[in-house]
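I have a structure I would like to understand better, so I am pasting it below and will then ask my questions one at a time.
When the chains are written out, they are named A, B, C, D, E, F, G and H in that same order, and each has its own residue count from 1.
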Amino acid sequence: MTEEIIIAGFGGQGVLSMGKILAYSGIMQGKEVSWMPSYGPEMRGGTANVTVIISDERISSPIVNVFDTAIILNQQSMDKFEKTVKPGGVLIYDPNGITRHPSRKDIKIYSIEATDEATNMGNTKIFNMIVLGGFLSVKPIVKLENVIKGLEKSLPARHHKLIPMNQKAIEVGMELVKEYMG
Amino acid sequence: MGELRLMKGNEAFAEACIRAGVDAYFGYPITPQSEVLEYLMSQKPYETTGMVVLQAESEVAAINMCYGAGGAGFLPVTSSSSPGISLKMEGVSYIAGAELPLIILNVVRGGPGLGDIQPAQSDYFQATKGGGHGDYRLYVLAPSSVQEMADFVLIAKEMAFKYRNPVMILSDGIIGQMMEKVELFDPIPRRTIQEVEKQAPWATTGKKANRERNIITSLDLDPLKQEQHVYHLRDKYSQMEREDVRFEEISTEDAEYLLVAYGSSARICQKAVDLAREEGIKLGLLRAITLFPFPSKRLAELSNQVKGMLAVEMSLGQMVEDVKLAVNCRVPVEHYGRTGGVIHSPVEVLEALKSKIIK
Amino acid sequence: MDFKDIIKPENLVYRRSSLLTDKPFSYCPGCGHGTIHRLIMEVVEELGIQEITVGIAPVGCSVLAYEFMNMDMQQAAHGRAPALATALKRLMPDKYIFTYQGDGDLAAIGTAETIHACNRGENIIIFFVNNGIYGMTGGQMAPTTLPGMPASTCPFGRDVNIMGNPLKITELVAQLPGVHFATRQSVHTPRNVRRAKKAIQMAFEVQKNKKGTSFVEFVSNCNSGWKLSPVAANEWMEQHMFPFYPLGDIKVDGNLVTK
Amino acid sequence: MAKVRGAIVVDVEKCKGCGVCVPACPQEVISLAKEVNGKGYHYAYMNKPEDCIGCANCAIVCPDGVISVYKVKLDN
Amino acid sequence: MGELRLMKGNEAFAEACIRAGVDAYFGYPITPQSEVLEYLMSQKPYETTGMVVLQAESEVAAINMCYGAGGAGFLPVTSSSSPGISLKMEGVSYIAGAELPLIILNVVRGGPGLGDIQPAQSDYFQATKGGGHGDYRLYVLAPSSVQEMADFVLIAKEMAFKYRNPVMILSDGIIGQMMEKVELFDPIPRRTIQEVEKQAPWATTGKKANRERNIITSLDLDPLKQEQHVYHLRDKYSQMEREDVRFEEISTEDAEYLLVAYGSSARICQKAVDLAREEGIKLGLLRAITLFPFPSKRLAELSNQVKGMLAVEMSLGQMVEDVKLAVNCRVPVEHYGRTGGVIHSPVEVLEALKSKIIK
Amino acid sequence: MDFKDIIKPENLVYRRSSLLTDKPFSYCPGCGHGTIHRLIMEVVEELGIQEITVGIAPVGCSVLAYEFMNMDMQQAAHGRAPALATALKRLMPDKYIFTYQGDGDLAAIGTAETIHACNRGENIIIFFVNNGIYGMTGGQMAPTTLPGMPASTCPFGRDVNIMGNPLKITELVAQLPGVHFATRQSVHTPRNVRRAKKAIQMAFEVQKNKKGTSFVEFVSNCNSGWKLSPVAANEWMEQHMFPFYPLGDIKVDGNLVTK
Amino acid sequence: MAKVRGAIVVDVEKCKGCGVCVPACPQEVISLAKEVNGKGYHYAYMNKPEDCIGCANCAIVCPDGVISVYKVKLDN
Amino acid sequence: MTEEIIIAGFGGQGVLSMGKILAYSGIMQGKEVSWMPSYGPEMRGGTANVTVIISDERISSPIVNVFDTAIILNQQSMDKFEKTVKPGGVLIYDPNGITRHPSRKDIKIYSIEATDEATNMGNTKIFNMIVLGGFLSVKPIVKLENVIKGLEKSLPARHHKLIPMNQKAIEVGMELVKEYMG
């Protein structure tokens, strides 16, 4: 199994840390992982993205141009990454702020209203965990228990009290995600 | 088994420095390697191992702080990225001339000039042939994973003392910025000052009554003596070539064609090898781990086996010269690589192989 | 009278300087760099010297200043803008030359170039944006970071015992005979903006009269680096930066201002 | 009764919603919109247009220079 | 015929700068090239041609002053010797990246480090392969007489503008310090500012109403654009290789063996050729005048004629790599040379030829 | 009593410090470098700290200082001695570390390293030999060359309009909080030698107490560079150098000396 | 009559004849020799040895540290 | 004709300028010349030397290890350069300060008491011109008139009034030089 994922959105949406938790979860499940961010000053106000690869084998190139799954959280990223999903692959997106919805027919498309849900839950910080839940529901490549272990590893000890809330958000996300009907 | 962590290459390097018992780090921020200093500052090793960590006023100051530390027998580390490394060239030449231990990390970005901050491999010449003046060489290691960003600190430490020579770790924005699983080696205690004095009896730790004074210098106004000194350096470099060449071979046993690459390009080439094998092309990869000393001997051997070699590097073609010099015209050698911060894909590498070598 | 009726060309009293390009500033929301860019270009516009002015952008957040200022510009290596400016001014003594530099650029790596250009009394203006941090590279400690102030390379706050005291480079260069005018300004309130603009005007005047170096510091926010909202950053700046970096003229007409 | 009336025009798509103009206004004219612009910023707008005196304070502190100011003298 | 004078190489270079209408000189003292600045200051060209001459606070400041001057379309010159040249590497990479005209003189001394102040040729790699970071090249001229120290200023000027690329004149302590007869070319008036603006419409001389603003930068944060820029640079370097290779041949018509050398080493080799011919050995000399672009094509041709080549340089062997790459293994190529400031004698060269090549 | 009878070991009151090697100084006859070397080594000898002292030689006439001072020493790249010293002191806080630098080394190419080591208040001593010229390379203008004074790169005298004013770097660094002690001395008369030695002693005392940086300037002759006989050079120095570089303490115990 | 008598020994071969010691002597004891040493320098010597008071002024200003000083107290 | 000459002595003896005048004289006579000094800080108090080559042909190497003529002005230089004279070559020296006189039998040795003569003439600055005269008498490779032209070229105009005195010194040197009889 090798899963190549791109997560892309605005700088402030927690894109990088979502990728990090996912990667850490992969480690907890005994897999090989890589996490490669876009970096540098262009992140300022602009977009951020990260490539996460989770695999049973040693990962050769951490840089890939086509993905099994794209998780897309703003319009710019939609414009840039919809086309990079492999035929038969998966695209998950939050429709909030999206003006041009995805149109490919050769991939599976899911939507998740994570922005709204996070606002409902009164905590915009868990937005990315909701999205992560959505992904895990579509692609259950790591078990929830390992995701929780991944959270423990990637959060500093003083934030461990937030784990239950994050777990909740992931579970909500798992429910929330739904196939997009074009 | 050591501790498992998900880390950036830069962080793994920094953590490994602490664990390896490095004595001091002096550096100046620059993308894409600022995490080295940031990580060190967040760990405060000066409170645990006693390692000195200081943000210098410039790269020039940092390399000269390293000169001071190395002269006293300590193991200093500095890191930067391309433009900052260029500023260190005078200091590097001094340190090589004075024969001091040092680890320098270059997390290469696109150039020339300010260029961009994306990954590149266009500082190969500078690292291997002498960006500074005079006849000197660095021992150059090219990690291609986060794991190696950690592990190579230990090799670098060993080589820095074995040869009393600066060691460069030539990395790039990919390896520096990406996170991978790392198994961290167990911490090695920093040497006490007594141990430093024992390991480096030549160092300037204060003249003891029982020994002559120690002098650290790269100056010899008498050219005949200076020449002898340079010959002594040359002998060290030859010894490196004999004893400490490092490389890795992937699918070379039956290879008819060979990719030669290092660092993150080697990772991409690994995938290209997979793709080629899927198509039935017997492609292998020689990954140079030491860029100086270069694995020329092994390449010469392989040139009797394969039909052609493609040197793949993210530059206009620099390592390719060393490949050509190694294979002695026995097989065609070509270069492929994107540059300026653009990363070539495994597919592009394979296409290049087909068009330039297989034909 | 509806406000729509007021919005007519003949009633226009303030607009963005026409010497700024259309490209939106690449700065974070609320960053003082933008305001300072605007003011400089307003003065260049008002003096009608666009054709004979060359600016020098640093390495730092304002590395792309040349994309915003509609004039001939050069992008310098980190810290070296005063060296470029020296050459430009000496080769074209009748043109106006200024550098625009951050605190890391000017007071860390560029210390020697700064001091020596000032000491030679080069007829240039050095605009110096002091935000107490390395903005561009992600918030590292600068020579001007305040004691106790956290930054990514001093996450527990600047420890002056290890890292030294913040450097008041403007006071330092003001000691040099080559410096004719040295001042410290800010642009976070309308009142300060107006004063800052006067200082910029004065600096161009000094250059016109070939009196020597003008050194115009702006204490400015780096809300991203400080991890504060823009408005909170400006408040923090008033409370913490100004006591250490007091605003006002430091040297006028070649004479140190005694306080 | 005011002798002058003013108005501002915010280039909504270029406003970064930094809010620096808000406390700069002596008349408390400006607020940040609930809505966001194309870049996701809560842009500034005249919440109390009738109070604007066209002093340009907001415009001269706006880091992005996205405010234009208009003013008329009312000789009532 | 121009004016005849007995001058040091450094002085001839300085005088030629004034006569060539160079716009500015920025430098910092270092042996063995301080006479360049001293001579200029004694001549006060700022009072005659208007040339700016300034002693900078450091080599780093000097190269960045050159960056400023070149960016405004002027022709700046800087000079230094090995350690000082290393300090300029960041700036050189910027100037190459920003495509600005510049002449840099390196009067090479023994290294590495502070080394000594005697003549050496151990900065060849730095000059030709990129001492700075990124994919860039300098156009490198190697004078071998005082006359050429003067004349090459004109070639350098032409190339600096033809290619908008920095030109390095790679000299050494012999050429810099010795006096020979020079025939000085007639002064060429410095360009007026109007002429500068005409010749360099890209320069930052102040934005005229009738043109877009001019920007001098080496930055492009978009790696695809940066790559295009690097490809553009590469095309210039290829053009240099096609159009502007320079070399000199001595006694090659019937040569069975060939010395390859440059600069002062070529002078010594010339005498070695005489000695060999006296002994009946058909020895020739190819003197590389441009080190980049290297006269590879001509060497490849000669490799069909001679039985072996000896690359003679005052270093551990640097140019020899380019010779090897050029001759494609058709004939044996070896290196000979003293280093660290020691100058080999014609007799030593001949002996080396016999033991390494003729055998 | 014949003077031969006086010359007996028991009557010896002054001899060359035993911490100087036997190698004759490479300096020109009458050059102050020798005297300053002697004084430093006398103090090291008197304090009994040879075993725990490391000196740093510059690039300059004193590049070979390590051949004369019988102690562990490093030779630094031009201008960078304070960077080396920073590392040495931080790694070995209980050793005494000093640099020995010329005016070109310290105040031109090394300006940034000088200012920042002082600003960090590194616990080191910077011995600064100001002879107003680049001695080693053959008498070029230094940052400290006096107005009108000729040198090989200003053969018609330093023109301050082109080359800037001489830099009083000691006064400048004395402004920095990290500097605990700053003084200017000379060694051309017995009286000055005695004072200079006291200053050197004070500097080691400051380092012992870990109070911060000591900056000890010596105005000294470069008779070769000045093209005067040694005795005439010393007279010229009194007449021309001292008025511009007045002798005496500049900062004591962390406080600027008010005159 | 002087209470102290002094004497100096100049390391003649190492003296560089710079003459710096000459004006430093309060007693005008020292002169430079007409002859030169092996390095060609007119070395310093006690021209008026009887006037030396052993004050060491000469020695402490000698840049090359080639003067040793001896002193005796005369209790006449 | 090619004449390879080394002139060696103390820094202050005018060695370099003697070489320069000789080289300039060569140019005036239409010859090729080169002048290569020792350089650098070791000159301080130490020795200075210069290699002058005067030739009818283009000069290949300006650095040579053996010489047609050595002009030696102090003991250190004698120790260093006596052995570098080609068999059959010439060594000219000033015995002043020389403790170990030259001993080779396969070369021609001349002495010239130039130091004493300069003192006699009351002008130590013309010492090197006396020596030059000695050389020219032994090896008349350039005509006196060209030496005078060489002097004009190498001295700045404000010193041209000194030329007659220099000419005098050269002529004195020509008389003074005498074969050394071991």
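The definition used in the following text is that contacts are C-beta pairs under 8 Å (C-beta built on N, C-alpha and C of every residue); 3 or more make two chains touch, one makes a residue touch a chain.
Quick caveat, the model's predicted, so the values are computed rather than measured.
Two chain pairs, B-F and E-H, are compared here, and B-F has more C-beta pairs in contact (counted per touch definition above). Distance from the centre of chain E peaks at D, each centre being the average of the chain's Cα atoms. Separating the centre of chain E from that of chain F, both taken as means of CA atoms, is a distance of 39 Å. Averaging C-alpha coordinates per chain places the centre of chain C 62 Å away from that of chain G. Centre to centre, using the average C-alpha position, chain C and chain H are separated by 63 Å. Residue numbers of chain A whose C-beta contacts span two or more other chains: 40-41, 45. Multi-chain contact residues, meaning those touching two or more other chains, occur in chain B at positions 31, 54, 57-58, 60, 83, 90, 94, 98, 113-114, 116-118, 217-219, 221.
For chain C, the set of residues touching two or more other chains reads 27-29, 63, 75, 77, 108-109, 111-112, 116, 143, 163. By the touch criterion stated above, chain B contacts chain A in their complex at residues 4-6, 31-32, 116-118, 173-174, 177-181, 264, 267-268, 270-271, 274, 343, 345-347.
Chain contact summary for the complex, chain D toward chain C: residues 5-7, 9, 14, 16-20, 22-24, 41, 46, 49-50, 52, 54-57, 59-72, 74.
Only residues 50-54, 56-57, 63-64, 66, 70-77, 80, 83-88, 90-92, 95, 112-113, 116 of chain C touch chain E when the two sit together in their complex. Within the complex formed with chain F, the residues of chain C that make contact are 108-112, 115-116, 119-121, 143, 163-165, 167, 171-172, 175-178. Interface residues of chain C, counted against chain D in their complex, comprise 1, 3-4, 6-8, 11-17, 20, 24-25, 27-35, 38, 187-190, 193-194, 229-231, 234.
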